[in-house]
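Below are two complexes that have chain A in common, paired first with chain B and then with chain C.
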Partner chain A sequence: MDIFLTILQGVPMTIGLTVSALALGALGGIPLALGRRSTIPGVSFVAVSLIEILRGIPPIVWLFIIYFGLGTALPMLDPLTSAVAGLGLISCAYMAEIYRGGLSAITRGQWEAGEALGMGRQSVLTFIIGPQVFRVSIPAAASYAIGLLKDSSVAYTIGVSEIVYFANDQSRQSSDALGPFFLSALVYVIMTIPCAWATRALDARLRMRVAR
Partner chain B sequence: MNILTDWPAFLPGLLAGLGVSVQVALLSLLIGIPGGLLLAIGASSKTKLVRILIIGIVEIGRGTPALVVLQIFYFGLPASGLTLSSMGASVVALAATTAAYTSEILRGGLQAVPQGEVEAAGALGMSRRDTLRFIVIPQGFRVAIPSLIGFAILIFQATSLAYTVALPELLSQAYSIGSTTFNYLSVLVLAGLMYAAITIPASWLTSRAEKRLARHL
Partner chain C sequence: MPPHIEPPRIQEKPLTKPFAIQLESVAKKYGDHTVLNNVSLSVREGEVTAMIGPSGAGKSTLLRCINFLERPDTGCITVEGNQIDAGTNFTAKDLAALRRNVGMVFQSFNLFPHLNVLRNVSIAQERVLGRSRKEADVRSMQLLERVGLADKAKQYPSRCSGGQQQRIAIARALALDPRVMLFDEPTSALDPEVGLEVLAVMKELAAEGMTMVVVTHEMQFARDVSDHLVVMANGTIIEEGDPEQVFTNPVQTRTREFLRAVLER
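The block that comes next holds the complex of A and B.
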């Protein structure tokens, strides 16, 4: 039981890490998603390349590049900052793709209707299309968040004291090497399964609220 | 530009690591996908107990981070008398994760096969096993191919987790070169590009496969 309580100490860090990275991604994904649709030569190429590179390299490698690679030159990069930055960057790329899916789910007619009312493309995007894109993106973003919660475990490798960090610690200290890992698995399952159910329910409700 | 002199020197060590990464990914998929197929078939079993049991296993497998599964097999199991090498533990752990995830992908594929075809096969006197073997699985698998390639890319990326169990794969090699040359940034960036050189073309393959298969639907 003591072991379980010790492992639970890592939960706030795991959740904090996931939420911060997701928040960075939700913001950074917007310029990437818009850049991808841009008609200005070069902009869309740069956005696509960034998205592909960010998604193409494993999360743990990003954390190492930031923490060990850049960290030698930038001493303010402590493990937590590096982990948030690394996972946040990857989230930007994934969120951009989720927004892109959301953008294509909004029918062309709504752009045309906005223009017919004399609105500029910019204001159609911010007042009509944008809010709906966020709404349709929520279910996909939620499933991504569940994945991110599990991926945040890689932050243990650079020394962030989240769930797996405590599990490793307990496994080495106590006579029971296997138990702490099972307990940490249990903690993740307890956190992710209700999230997955909630996502499914949310998805069904939000689908009704998007204009077709 | 010290990259010009550094990178060729790093390359042999990293390529050896990349070989190990690819090997682990392929073995995990080779073991994991048939496992996923069994779970997918089991999840639609007529016996309720089997169904609940299998869905439980799949949910737990998908809810646990691959890193934790890996550590259970490598650091945890020796306590109960079963010691795996770092290679063995990596393959078994990633294969287990593959089985849990691909079972959901394959279940979606199998469900996409029209029920009428199953009934038609029954009407022709085919047994349930033959229907599954000759009608449902070949078509369901085809539907699932794009998602399976997408998942294979993720598993290839996940082999980098084996760094934590001291398997000499690409990331471990990069890290050890970094710790001897103190040139972490340069060698880690090169390793990252080597991962990307495989995952990015593979993701193009996914979208091509999607387009090709969509033609016949």
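The block that comes next holds the complex of A and C.
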């Protein structure tokens, strides 16, 4: 029981790390997704390249590059900041792809209706297209978030005191090497199930409102 | 200094109203396919112009060129004094000025599904005219009242029938006080009976003197309500004139064929 309580100490860090990285991704994904669709020469190429590089490098490598690479030059990069930055960057790429899918699900008529009403492209994007894209993106973003919650465990490798960090610590201290990891598994499952359930409920509610 | 003498003014009532819309040699190609072949068209203030013709004739494309939803390759478009030459580089401001006077109704309604009916009608008033939410909502309610749908204000578009959605779309376009209304096959996606309620709103609008351009397959509407009939085929206007004249005694063989196909079935 003590071991379990000790592992629970990592929960706020895991959640904080996941939420921060996801928030970065949710914001940073917007310019990347729009950049991908841009007709300005070069912009789309840059956006696609960024997305592919961000996604192509494994999270653990990103964290090492940021923490051990940049971290030596920039002393303010503590493990948590490095982990948020690394996972946040990767999230930008994944969220951009999710938004792209959402954008392509919006019919041309929605753009045209906004433009015909005299709204500028910026206005149409902000008030007409954007909100709809967010809504259709929710299911995909939620499954990504659940994945991110688990993947945030790589932050343990650079010393962020999240769930696996404590589990590993307990494993070393006790004679039972495997037990703490089983307990950490249980903690992750307890966290992900309500997430999945909540997003399904949210999705159903939004769908009911806008069902055609 | 001699006193300024006012020249005698001849009070003359104009026989014809000025032009609200003028299209001059509008051309549009998709690759090798010519959709519009140097089409010119003028619409007078307060006039209802109906555009008919077979599918693929370019009616909708021409209509969409009026407010630049479709950009012509060449040609000059003037709406209520705002002129844009498609061949030149025009600014977003020019485009906004032209669109400012033009309302549009689409075949597929294109209501905003994430906003309730009231917000659908209000949002552009707030963003384009700078009205406050309260002012916009008051105006929206008037218009919803007018199209007979005030009770739907708090509903989402998905809860409304097709005919209701199209009437909401008309209210939404009218909310910006346009001087010209464009209708792109407004009843084509509706059951014939439901289409009637939309046509009724359009007739009312026409009776009030709104300048309208209507692409339609509703021959009865074109014949009864329009002041000017335009027949298009293969990217050109093949015949235009008084609707009764065109319907009863078309000049072109192609018009005759088309009318026979749609009327005698």
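Here are some notes:
Everything that follows uses one rule, which is that the second predicted complex is superposed on the first by the 208 of 212 C-alpha atoms of A that agree within 3 Å, B and C clash if a C-alpha of one lies under 4 Å from a C-alpha of the other, contacts with A are read in each partner's own complex, and residues count from 1 in each chain.
Keep in mind that, in the parts below, contacts are C-beta pairs under 8 Å (C-beta built on N, C-alpha and C of every residue); 3 or more make two chains touch, one makes a residue touch a chain.
This structure is a prediction, so every number in the text was calculated from the model and none was measured.
After alignment on the shared chain A, the placement of chain B and chain C results in a side-by-side fit free of clashes.
By the touch criterion defined above, A:Glu162 lies against neither chain B nor chain C after alignment on the C-alpha atoms of chain A. Shared-chain residue A:Gly109: touches chain C; no touch with chain B. Judged by the touch definition given at the top, the superposed model places A:Leu117 against chain C, while chain B stays out of reach. Counting residues of chain A touched by each partner, chain B versus chain C, the larger count belongs to B. After the superposition on chain A, the angle chain B-chain A-chain C between C-alpha centres rounds to 110°, nearest 10. With both structures placed on the common chain, the touch criterion links A:Val189 to chain B but leaves chain C unconnected. When the two complexes are overlaid on their common chain A, residue A:Gln132 makes contact with chain C while staying clear of chain B.
By the document's definition of touching, of the two partners only chain B reaches A:Ile53; chain C does not.
Of all C-alpha pairs linking chain B and chain C after the chain A fit, the shortest spans 25 Å. Those residues of chain A that touch chain B in the shared complex are 52-53, 55-62, 64-65, 68-73, 150-151, 153-154, 156-157, 164, 167-168, 171, 176-179, 181-182, 184-185, 188-189, 192-193, 196. By the touch criterion stated above, chain C contacts chain A in their complex at residues 67, 69, 92, 96, 99-100, 102-104, 106, 108, 110-114, 123-124, 127-128, 156, 158, 169, 172-173, 176. Residues of chain A that touch chain C in their complex: 107, 109-110, 112-120, 123, 127-128, 131-132, 135, 209-212. In the complex of the two chains, the chain B residues touching chain A come out as 59-60, 62-69, 71-72, 75-80, 157-158, 160-161, 163-164, 171, 174-175, 178, 182, 184-186, 188-189, 191-193, 195-196, 199-200, 203.
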